[in-house]
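Below are two complexes that have subunit A in common, paired first with subunit B and then with subunit C.
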Partner chain A sequence: MDITSETHSQHISKQFNHELEELKTHLMAMGGLVERQIQEAVSALLDGDSRLAEHVRDNDKAVNDLQIKIDDECTRVLARRQPAASDLRLVLAVIRATSDLERIGDEASKIARNALALTEGGNGSKGFVEVRHISEHVRKMLRDALTAFARFDIDLALAVVHEDDAVDSEYTSAMRSLMTFMMEDPRSITSVLSVMWILRALERIGDHANNLAEYVIYLVKGLDIRHIDPDELDEDALKR
Partner chain B sequence: MPALDHVTDSVSPALATTGAVTEIPASASCFEIEGLSLAYGDTPALSNLTLRIPRQRVTAFIGPSGCGKTTLLRALNRLHDLNEEVRRGGHIHLEGQEIHAPEVEVAELRRRVGMVFQTPNPFPMSIYENVAFGLRLQMSLKKRQRDEVIEWALRSAALWDEVKDRLHDSAWSLSGGQQQRLVIARTLAVQPEVLLLDEPASALDPISTLKIEELIRSLKSRLTLILVTHNMQQAARVSDYTAFLNGGELVEYAATDALFTNPRLAQTENYITGRMG
Partner chain C sequence: MDITSETHSQHISKQFNHELEELKTHLMAMGGLVERQIQEAVSALLDGDSRLAEHVRDNDKAVNDLQIKIDDECTRVLARRQPAASDLRLVLAVIRATSDLERIGDEASKIARNALALTEGGNGSKGFVEVRHISEHVRKMLRDALTAFARFDIDLALAVVHEDDAVDSEYTSAMRSLMTFMMEDPRSITSVLSVMWILRALERIGDHANNLAEYVIYLVKGLDIRHIDPDELDEDALKR
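And now, the complex of A and B:
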C-alpha cells in the first residue's frame, strides 16, 4: 500500500507517533546542516575565505554527533516498539540516510580542506566555474532528496535518481579539461589536483543524494531499487 | 521413535516464503477451505473464506478480537459440531477429503487434527497418564511400546528432560509452561497431521513462550501447524504464512516476511502497526 507523510502519525500510541516524528525532524535537521556545510565549503573556495573553510572543517563534528544521536533514537524505537511494515521501513530508511548524510559531511570537510590549501597557495582559479556549476547541481539534488523524504514524494525522488547521471557526465568532462590543462602547464599540477579532489567530492555527494532518493522509494513503496539501473526502472509500476 | 513417525514421509514441495499466497498449489496444501461461512444463530462470524493452508508450514491467523480467527481454527476440527446454533456453508478439505462428509468420523478427524488451547488443560492425573490417555483410547499397545511412544511424545514436546524422573507425579505439579508442553505431548502422542494452536502462549511467561515458539518451529518438519495469536510479534517470529482476518473476512494472506514488511492493503498495515482505533 502507499503511505504518505501523515501515515506515521496515526498510531493508537501518541508517544510512538511522537518518536517517529522526532526521527524525521532530526533527520531533516541533519540534512539542513550538511547542505549548509557544502554551500559554505564551496563559498570558502570561490571567495578564498580561509576562515569559512576552517569553520566548515571544524563543524564536521556536529554532523557526526547528529548521526550518533539519530542512530541511537532508531535503536531505541527498534528495541522498544518492534515496528512493522511502513514504520519499520521508516526506521531503516532513517538509519541508512544518516549514514549517507554523514558521508556527505565528510565530503564537505574534504572540500574545505582543499579550499584551505588552495587559498594558502594563492594559485589561480582554474576549474572554479565547473566547481560552482556542479556544486549547485548536487546541492539541488540533495535538497530535492530531502524534500522527497519529508513529503514521501516518489516523483521527486525519481527525478533525483535520474539527475545523478547528468552530474556524472559533467564531472567526467570537467576532469578531462583539467587533465588537459595540467599537461599544458605542469606548474599548475598541485593546485589543479586540489580542484580535482573537490570535484571528486562533489560527484560523491551526488551519489549520496541519489542513495537518499532511493531510500524514499523504499520507504514509500517497499521496493529496493539500489542496484537497478535508473533507465531500467519500471516507473509506471512505482507510481501506481 | 522413527517407526511411528509416519507423517514425515509426506514432504511438501518447496514453497516460496515470500510473496502472495495465491501461489500455494493444491498439491502442497493440507487444508483447502472454500467459501466457508459460519454464523452463530443470526450473527455471522465468518463470511465466504477461501484459502489454502500449506502442509508442514506454520500458518498464523491474526486479527482483532471477534474477527473470527478462533472460529475458523475451531471449524478445522469440527469443534462447532455440538453447538446447535452454528450454521455453516462452504467446504473444508483435509488432504483432499471434505471433513464434513458422512464417512468421516469426528474422533478420527480430531486425532489427525489436534488442538491446543489457550489455558493448559492437563487432566487430573499423572504426567505419564496424561500422555497415555489419548493413546489408550486410540490404540492398544503393549506397555513397553506405549512407554516408547510416551517418551517420544514428551521428547518431541521438549519436555522429556524436565519430567523423565517424575513421570508419575501429578500433572498439576508442573509449571504453566510445562503443562502447556505436556498438553502438546498428549496431542502428539496420537500422531496428528495438523496441530491447531489457539493462543498457546498467551497465559505463559516470556521464557515459557519462547520454548513453545521453539517447539512450534521444530514440529513443522513433521506436521502442519496453525496458530491463532493476538501477539503480532509472535506471528512474525514463528509463522511462515500469515492470514489477517477482520470482521469475519480474510483481508490479506501472504508470506509472513511480505506481510510484516510491506503489506498490500491499508487495513493490514493499520492493524500490524497499531493504527486501528
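And now, the complex of A and C:
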C-alpha cells in the first residue's frame, strides 16, 4: 500500500468510526427523549396536569421521527460501509434498540392518555403510590440500559436484566391490590382500570429496557441471550 | 471476465439468491407457527381446554428458538454477502419481522395463560364471542401480511394496514361492554379482567401484523411508512 492510499484508507476508517459514534449519539438522544416522555406522563398523572399529558401525547411524533431517522442512518451505514464483526453487531443492535425505544414512547403516550382520562374523571388516587414507585424503577432500568449501551458495560447490562424480575413482581402485587379495591368498590372500576393500564404500560417499559440491556451483551459479546432465563446465565463467562 | 470467474460469480449469485429465499422460507415457517399458537390459545379458551393452553404456553420456546435462528442467518448473510439495495432491505425486513412474530408468540402465550386461569376459575363465557371474532380478524391480518411478504404484494400489504383500524374499533367496543358488565356484576371482575387481557393481547397481535405489512412496503418500495396515518398514504404512488 503506498502512502496516499494508506492515508485514504485511514481517512475512510476515521469517517466510518465517526458514523458509528454518531449512531450511538443519536440513539442516546432518542433514549433521553423517551425517558423524559415517561417521566412527564407519570407527573401528569400524579399532579393531575392535563396540559402536560397532552404535551406527552403530542410529542410521540418526535420519538417516531427519531426512529425513522436513525434507522435510515443504519441502513446507509450497512449499504456503504458493509461492516463486519463487532461493527455489524453495533449497527444491528442500534436498529433493534430504536424499535424498543419507539415502543417505550408508545407506552408513555398510553400513560398520558390514561392520565388525561383520570384527570377528567376527577377520581381518587388509588394505586398512584405504586405507579410512582414502579415508574422510578423502570426509568432507572432504562437509564442504566442506555448507559450500558454507551459504555459497552456488560456488568451494568446484566444488572438491568436481573432488575426486570423485581419490576414484574412489584407489578403483580400492585395489580392484585387494585383488583381487590375494585371488588370492594365497584364504582371505582373505570378509574382503577385506567391505573391498571398505566401499570401495564410501565411493566412493558421494563421489558423493553431489559431488551436494550440484552442487545448490549449481544453487541459486546456476540451472544444472543434474549431467551435465556437470567438465573441461568453464566455471568462469569460473560464478564471474561 | 474469463469463463471460469464468470461461472464462479454466477455460482455465488445463485447461492446468494438461495440464501435470501431460505430467509423468507424460514420466516414463513415462523409465521405459520405463531399463527397456530394464536389459534390454539383461543381454542383453549373457547373450549375450556387446559391441556391445549399448557401446550401453547410451553411451545413459546419453539417460537423464540426460531427467532434466534433466523436472526443468526440474517447476520451471517449481512456479514458474508454485504447485500445492497433491495437485498439489504429484504434482510432488514426479515430481522424486523422476526421481532414482531416473536412478540405475537408472547401474546399467544399470554392468551393461553389467561385461558388457563379462566378454565380453573370455572367462570362464565362473557366476552367469548368478541374474542372469537377479533381473533379471526387478526389471524387473517397476520396470514395476509405473511402472504404479502412472501409475494412482495403491495396491494395486500396496504389492505392489512387499513384493516388495523377496524380491529382497534372492535377492540374498543368489546372492552366497553366488558367494563359495563363488570360494573353490573362485580363478582365477575376477576374473570372479566382475564378476558380483557386476552382482548388486549389480540389487539396487540393486530398491531404486529400491521407492522409486518409495513415492512413489505419498505422492502418493495424502500419507503418507511411506519408512522404515517393509513388515511394519508398516497397509495397510487405506492402501487406505481
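One rule holds in what follows: the second predicted complex is superposed on the first by the 228 of 240 C-alpha atoms of A that agree within 3 Å, B and C clash if a C-alpha of one lies under 4 Å from a C-alpha of the other, contacts with A are read in each partner's own complex, and residues count from 1 in each chain.
Everything below uses one rule, namely that contacts are C-beta pairs under 8 Å (C-beta built on N, C-alpha and C of every residue); 3 or more make two chains touch, one makes a residue touch a chain.
Fair warning: this is a prediction, and the values are worked out from it, not measured in the lab.
In the overlay built on the shared chain, the residue A:A84 is in contact with subunit B and with subunit C.
Of the two partners subunit B and subunit C, more subunit A residues are in touch with C.
With both structures placed on the common chain, the touch criterion links A:D71 to subunit C but leaves subunit B unconnected.
Judged by the touch definition given at the top, the superposed model places A:H11 against subunit B, while subunit C stays out of reach.
Of the two partner chains placed around the shared chain by superposition, subunit C is the only one that A:T190 touches, whereas subunit B remains out of contact. After overlaying the two complexes on the shared chain, residue contacts for A:D58 are found with neither subunit B nor subunit C. When both complexes are aligned on chain A by C-alpha atoms, subunit A residues 82, 84-85, 88-89 touch subunit B in the first and subunit C in the second.
Those residues of subunit C whose C-beta lies close enough to touch subunit A in the complex are 61, 64-65, 67-68, 71-72, 75, 78-79, 82, 84-85, 88-89, 92, 95-96, 99, 179, 182-183, 186-187, 189-190, 193, 224, 226-227. Note for the complex: subunit B touches subunit A at residues 232-233, 236, 260-266, 268-270, 272-277.
Those residues of subunit A lying in contact with subunit B across their complex are 1, 3, 10-13, 16, 82-89, 222.
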